[in-house]
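What follows is a set of notes on a single structure, which appears directly below.
Chain naming follows the written order as A, B and C, and within any one chain the residues start at number 1.
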Amino acid sequence: MLYRDVLEYKTKTQEKRDITKDVQELVDKYGVKDGLCNIFIQSTTAGLMINEDDRMLMADIEKLLNQLAPAERLYQHPENAHSHIRAAIFKNNLNIPIADGKLLLGTWQNIMLWEFDVKERTRTVVVTIIGG
Amino acid sequence: MLYRDVLEYKTKTQEKRDITKDVQELVDKYGVKDGLCNIFIQSTTAGLMINEDDRMLMADIEKLLNQLAPAERLYQHPENAHSHIRAAIFKNNLNIPIADGKLLLGTWQNIMLWEFDVKERTRTVVVTIIGG
Amino acid sequence: MLYRDVLEYKTKTQEKRDITKDVQELVDKYGVKDGLCNIFIQSTTAGLMINEDDRMLMADIEKLLNQLAPAERLYQHPENAHSHIRAAIFKNNLNIPIADGKLLLGTWQNIMLWEFDVKERTRTVVVTIIGG
């Protein structure tokens, strides 16, 4: 069976949000015990990452992104090129196994949504679950 | 149901090609209304990305790749190490939900194939669609 | 049909291990002829990559990682921040088509597990195969 649902988030610039619980709630909602979960963000200036939800680590990663694609650099693409470039370095789709009704994440793995854009946005995350 | 098909592209070095329409045509061909689409490039010196198909943005991203893995640097791997490294930074597989027969892409999301190799190549992109 | 199995690896710091054969053996074990294979590593300080299994190329890529996230830099996250950052740059899930009972990899494509942590670890790789 295939189930699909949508999560929506109002985000602030540079926000990092742990969406693990929301995705797990969809797995619960459809009662899938064994399967695969696809998480897809419909954005070119926000991204997804699986890693530890730790403020200090997020700051370390942001420092690297600031170094690779600084906001204040002059780019050809107008306005928010650095947001697009950061999204391109990140992922926009994740695929996670489900066993016994749980996302099979490691102890320190969290699903993080990162907002890279320069203003408030509403982000749509499509969750597709294959299994039964 | 599972459907699989292949797209082939003759590419030039540094070419960036929007393949969104080709993938959508395969979704149409197999008449899949709801499902997941896996796009897999069988290459170690070319990659896939979902982002805006904008020439200026592509130039900005290429500038970053030139900085991270310059073509003229001396590498241990002979000939085209920088092509491999760029492919490793990019993605070689993408997984996109399908709803109502359409790839569920955001407004600015395009599926881009980037050629990183130093000569003309023929690239094979395997498209697998799960759904019905 | 959906099949799931687990591969376990004892790794050393900075180890790069080709796990292609192990994954193919699981495809053989379950007798899947056509489908999709999801490979998911339950780690935040190790990663997956598809590229050529060549020692010189691995050294070139490691040099870039050393430059982007040096081990000796001072980070906010204690102890192994550079390991997390490298894992975030890499992938933790891969999705590969299967045809005629074989992972549809290109000639030079190998599935590589990279250990980024600062000590010996045991790594769990979950392999989920959809198909028949």
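One rule holds for everything that comes next: a residue touches a chain if its C-beta (ideal position, glycine included) is under 8 Å from a C-beta of that chain, and two chains touch if they have at least 3 such contacts.
The shown structure was predicted, so the numbers you read here are calculated from the model rather than taken from an experiment.
Engineer: Same residues or different residues: which describes how chain B and chain C meet, taking over half shared numbers as same?
Structural biologist: On the two sides of the chain C and chain B interface, the residue numbers are mostly different, under half being shared.
Engineer: Given that chain A is a copy of chain C, what angle of rotation, in degrees and a multiple of 5, matches their CA positions?
Structural biologist: Rounded to the nearest 5 degrees, it is 120.
Engineer: Report the inter-chain centroid distance for chain B and chain C in whole angstrom, where each centroid is the mean of the CA atoms.
Structural biologist: It comes to 20 Å between the two C-alpha centres.
Engineer: List, in ascending order, every residue of chain C touching at least 2 other chains.
Structural biologist: 68, 89, 91, 95, 130
Engineer: In their complex, what parts of chain A are in touch with chain B?
Structural biologist: Those in contact with chain B are residues 2, 4, 38, 40-44, 68-69, 75-78, 81, 84-85, 87-89, 91-93, 95, 124, 126, 128, 130.
Engineer: Which residues, counting only chain B, touch chain A once they are in their complex?
Structural biologist: 34-36, 49-52, 54-57, 59-61, 64, 68, 89, 91, 94-97, 99, 104-109, 130-131
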